[in-house]
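Structures are listed in the sections that come next.
First subunit A sits with subunit B, and in the next complex the same chain sits with subunit C.
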Partner chain A sequence: MNEIIVNGMSFSIPLFIIAVGGIYSERSGVTNLALEGFMGAGAFFGALFTALTAGVFASTSNLPMYLSLFVAMAGGALYAIIHAVLCIKFKANQVISGVVVNILAMALTDFLTSQINESVLGHSADKFILNVFPRLTVESLTGIPVLGGFFTNAYIFEFIIIAVAVVAWYVMYKTRYGMRLRACGDNPYAVDAAGCNVGRIQFAAVMVSGALSGLGGMCFAYSVFGHYSTSIYAGYGYLAIAALIFGNWKIPATLGACLLFGFARAAGYSLIQYLELPGTYSDLIMILPYVLTLLLLMIFSKNNRAPRALGEIYDKGKR
Partner chain B sequence: MSEYIVEMRHVTKRFPGIVANDDVSLGIKKGEIFALLGENGAGKSTLMSILFGMYEPDEGEVYVRGKKVETFSPNHATELNIGMVHQHFKLVSNYTITENIILGMEPQKKKFGFLPVVDIKNTNKKIAELSKKFGLEVDPTQKIENINVSMQQRVEILKMLYREAEILIFDEPTAVLTPQEIEFLLEIIREMRRNGKTIILITHKLEEIKQVADRCAIMNRGKLIEICDVAETSTKKMAELMVGREVSFTQEKTPCKPGEVMLKVENLVVKNADGFPVVNGVSFNIRSGEIFAIAGVAGNGQVEIADAIAGLAPAAGGKVILDGQDITNSPVKARNKMGIAYIPEDRQTWGLILDFTLSENLLLRRYDIAPYCVNGVLHREHFTEKSEELIEHFDIRSGQGGQTIVRSMSGGNQQKAIIAREIDLDTPFVIFVQPTRGLDIGAIERIHSQIIAERDKGKAILLVSLELDEIMNLADTIGVIYNGQLLKIAPAETMTSNEVGQYMMGVKE
Partner chain C sequence: MKSTKKKSNLFLTIMGDEKRQKITIPLFAILLSLIAGAILMLSLGKNPIEGYLSLLKGCGLMMKKNYAGGKGMLTDFMSFLDIWTPMIFAALAVAVAYKAGLFNIGVSGQMLLAGFVASLTVGYSDLPAVAAKPLTIIIGMIVGALAGSLIRLLKYKFNINEVVTAIMLNYIFQYIISFFILTYYVHPITRQSNVVSDASRLTLQNVQIGNMKSVIPLGFILAIVAVFALSYFINRTRVGFELKAVGANKKGAIYAGINANKSIMIAMALSGALAGLAGVTYYMGYVASIQPKVLISTGFDAVAVCLLGNSNPIGIVASSFLVTIISKGSIYLNSSLGLPKEIASLITGLLLLFTACDVYIKYRLKKAKDHLEYEEKEAQRYIEKYGEQKKEGEQ
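Right, the complex of A and B next:
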């Protein structure tokens, strides 16, 4: 039981923060299929940082790992500018832009990873090896049945992500910026009439989206993979999109969807072990979250309400 | 310092293919209700959009409180305490009234002494007070998607008042309102004048001007014709100045010479999305050469009757028989082929494809038949030929003729295009739903005479209208609908408008 919780949480929480990133962009009215690319590009910058600074810090120090989370956020935000410029400045089709940004991320980071390994670090490899992120066990709470599992062997980044998500929720629902952002997703003309700059609000929202995706991607690199390579493009960005749609573009409900996906996946792995199935069957279990996605899509789609102006190209002159 | 709070001097504004404002000069006094009267496309809205900073004039100057306006932007206009209620509201549908009003200048408070949050609670109170002061009757905690058009308009008004606007511009504010709501709005406007606000009313409805305005500027084709004192000028005189010719308020109409029954509706039932029967057992006949008008207060099922006959809404019960054939379950296209022309209520949603050209829109009903389409290939030269003929014949005005994108045309000309297309089908039965909604007096007159001309050609006509005057003017037979049922069907000459009004309220048995 505890194992399912530990594995489920370590998958759900990074997925959740990527989905929150998606919510920022989509609630501002910009369709975001580029989460996958943002995630991978952000993680690339984070992993690059740890690789380049390996000699600077003491080998036992955890500090570079924490710093790499910030670098991944900054890198994700930076990379997201491509999507923002295409969609907002040049009014490109947002779906196409998202797909292009994903493909570009994969190709670019693959190329750069090999090149930097070869020319800067002096050995040929297509990945950056990462240390294991520190885990935390709160001894006083582990005794509690079921709930104790959430405080056993949890990655510390899970707590960092929850804190970031709380801030993201606060900004979106309680502050001026959040109010204007959500208004842009419903009726950008109203925001414009109120004297605010729609383009600027959306631009910032897409960058936040990149930052949060970068954070999530970096955490995946530390937990699921243990290294950075193109294998990080495993479709988690798309899964995050599915999660935010089930969550009806709302942050708390999206957390629920992510937990569901994460626990389905973790339970699948435990099932394989329990049944002592050969390793190849694990691939079959890997599809579990996606099958679940399909099923949920069929059930929940009709109650969903996307932001009204989502994907609409904002054109000031139109009436 | 002049006596005027707003002064426009020799303002000219050109758009591609059209001069919207041609050397217009006028002054507006503080604390008055100033009306701008003109037909659709006369340049009223453009002129006021310049004052609100949405356009920069090509020539001429604008002065506000004696100071020349240098920068033209809505933000700057707001700083000058100018506010504008647009024809199309700009509201966020999933926000509350308060949230919409404060958007862009949200008051903040510090939670726990340091966290800035938008202060909704206190603002709710403030807005409730403001609403009370001007008699607007809105509940600030309601969401926009749950309130009607009239209240949405009042939210727009509150938006301006919250921003401390002193000069308030209303662009065609009554076009979307029912008669009762119009009364209510005019009272609000008077209340604002009592509070010292200056009000500019863009409209083409003479009656409203007569009721509230102090002075009235009349425009025609971009030019200012005259500024008159409303109390001293007759409605007829204003109408003539506006249209540029004599107008008659009542239509010349010969007695109806009905022929065979063309449309037969038996016990029609139409249900809405919730399964509620909005039309409940309606029966009537329309004969050739007869105008059958359905009168009623909005939302009593009249539009659903028209939709069910045209095939846009399924009939849950009863029969629709056109020229002896049962069409109750026929698809829309089959009905069109059998001879139904339909002028829908909402011209932008159901009547036109806004981003297509005028020429394409005029051929929407025929694009698939020869000579416009042969073996699946469209023949554009025939499109052009036909649309030019219709544009000429129905006097549809636009910037670039048949190649104009319909979205950029004025509402009146959009409506003319629909009527041209439908009448030209030359079907034995025509449905007009709210054919003159939002149009000016000249256009209304033209459409009314077209409807009568169609009748005189021997067509059966179903007219659905919320304007009692229109029904009394045109109908041969009147059916009054109340709560989904026809309370009364009688020849028009046997009923007075007062009686019809009573049936509309459901009071008369």
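Right, the complex of A and C next:
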């Protein structure tokens, strides 16, 4: 049981923060299929940071790993500028822009990873090896049945992400910027009439989206893969989009969706181990989150209410 | 000041009016990405002209210095046609959906499913070539069309965003097929699915032409037929017109009495069928087996090709030609100049990026033109006014 919780959490929580990033962008009215690219690009910058600073810090120090999370956030935000410029300044089709940004991210990071490995680090490889992220066990709480599993062997980044998510929730629902952001997604013309710069609000939202996705991507690189390579583009960004649609573009509901995906996946893996099925059956488990997404969307999509102006190209002259 | 104005004038005349911009803007995007690619090659210490020439050489469009025995420019060119074929089909699949206002990102998954089902039913049977080849094509089309319609059905019945459905189905197909291949149809040495029979394959293997052995991609003929058929369908038939109308303005089309749901359903089924054709020409033509757990990038690159070709079937032939040269030629680029293969996908990525900027380029051109016109008018007015004053002075 504990194993399911540990594995489920280490998958759900990074997925959750990527989905929160998606919510930021989509609630501001910018369709974001680019989460996959943001995630990969952010993780690339984070992994690059650890690879380049490998000699700077003491080998036992965990500091570079925490710093790499910040670098991944900055890198993701930086990369998100492409999507923001295309969608907001160049007024390109947002769906197309998202796909373009994803393809470019994959090509760019693939190219840079092998080039930097060869020319800077002096050995040819297509990935950056990452250290094992520290885990935390709260001794006093592990005794509690079921709930204790959440405090056993948990990656520390899970707590960091939850803290970041709480801040993100606060900013979106309790601050003036958050209110304007949500208004942009429903009626940007009203926001403009109130004297705010719609473009600037959306631009910031897309960059936040990039930062949060970068953080999630870096954590995936630590937990699921243990290294950075192009295998990180496994579709988790798209899964996050499904989670946020399932969560009706609301942060708490999206957390539920992500937990469901993560636990379905972890439980499936445990089941295979328990039944001692051959390894090929793991492919069937891999589809669980995707099938669940479709099934749940079938039930809940009818009542879904997307932001009204989502995907609409904001044109000031239309007011 | 004057010289810059002249320069922008020249640029504007080259880019032409709105009709011509449909061609000149993609060309401009291609030029930009080729320049970016050249800078990349320069930064790696290689001659970009040589680099681009070796792309052409790798596709059999230019003579290489030397060839292995039994191979020649024709061999390379035929193999280029072989990989070009699925790209044309995939891009047409994206285009037909795009014309109806839908975005089919599931082409790769539909290709895989069609290729897999056709492999199982025809590829592993011992039907003679006369029956097997047409059957492969028909099964590929039907399976693709069903997969495409499923996306639309989920949207229509349950209001699920078609992009999300398509992406979820991509993964579901990928892993389910991977499971079946690894459990039942795996080849013990290659770890891929068993090779399909030569009779069912859409590419003839080892055909002796002169003193060379070459492949003959039969699917390519089909692709060219599909291009013209689709062009006719979209531009000259009623159903095609309705489909375009729905894509341009759904509410307007419904108001004009068009059954929008039917149009979109037709578009998705057609898109899926084309993706299915791409699947069989790839998995049962260019290659003869399926690699488990891998979703090929053709379906995603097809989005680029479609955009670059303005989602016009004839334009797609040109743009897929270019993108295929870059991806296919990169292998020779790698072996002849030692440049990394990833550079090809990077150039394609940049090409996509610049193509996505088309709306902005159009807007800037229009603005520049309006500005010029305004200036001209002002100058005219000034001259008129100045002339009048002069006249007054004379009096």
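By definition in this document, the second predicted complex is superposed on the first by the 318 of 319 C-alpha atoms of A that agree within 3 Å, B and C clash if a C-alpha of one lies under 4 Å from a C-alpha of the other, contacts with A are read in each partner's own complex, and residues count from 1 in each chain.
Heads up, the rule we're going with is that a residue touches a chain if its C-beta (ideal position, glycine included) is under 8 Å from a C-beta of that chain, and two chains touch if they have at least 3 such contacts.
Please read these numbers as outputs of a predicted model, since none were measured by experiment.
Partners subunit B and subunit C fit side by side in the overlay (superposition on subunit A). By the touch criterion defined above, A:Gly195 reaches subunit B but does not reach subunit C.
Once the two complexes are laid on top of each other via chain A, the angle at subunit A between subunit B and subunit C, using C-alpha centres, comes to 70°, given in steps of 10.
Judged by the number of subunit A residues each one touches, C leads among subunit B and subunit C.
Of the two partner chains, neither subunit B nor subunit C is touched by A:Leu277.
Of the two partner chains, subunit C is the only one that A:Met298 touches; subunit B does not reach it.
Contacts of A:Ile287 after superposition: subunit C is touched, whereas subunit B is not reached.
Once the two complexes are overlaid on the shared chain, A:Leu147 sits clear of subunit B and of subunit C alike. By the document's definition of touching, of the two partners only subunit C reaches A:Ile103; subunit B does not.
Looking at the shared chain after the overlay, A:Val166 reaches neither subunit B nor subunit C.
Figure legend note: subunit B and subunit C, brought together by superposition on chain A, show a least Cα distance of 5 Å.
Residues 74-75, 78, 86, 88, 90-95, 99-100, 103-106, 108, 111, 115-118, 407 of subunit B are the ones that touch subunit A when the two sit in their complex. Of all residues in subunit A, those touching subunit C in their complex are 33, 82, 86, 89-93, 95-97, 99-100, 103-104, 106-108, 110-111, 114-115, 235, 238, 241-242, 245, 278, 280-281, 283-284, 286-287, 290-291, 293-294, 297-299, 301-302, 304. Contacts from subunit C toward subunit A in the complex involve residues 103, 105, 154, 157-161, 163-165, 167-172, 175-176, 178-179, 182-183, 292-293, 300-301, 303-304, 307, 340, 342-343, 345-346, 348-350, 352-353, 355-360, 363.
The part of subunit A that touches subunit B in the complex is made up of residues 170, 174-176, 179-180, 182-183, 186-187, 189-196, 308, 318-319.
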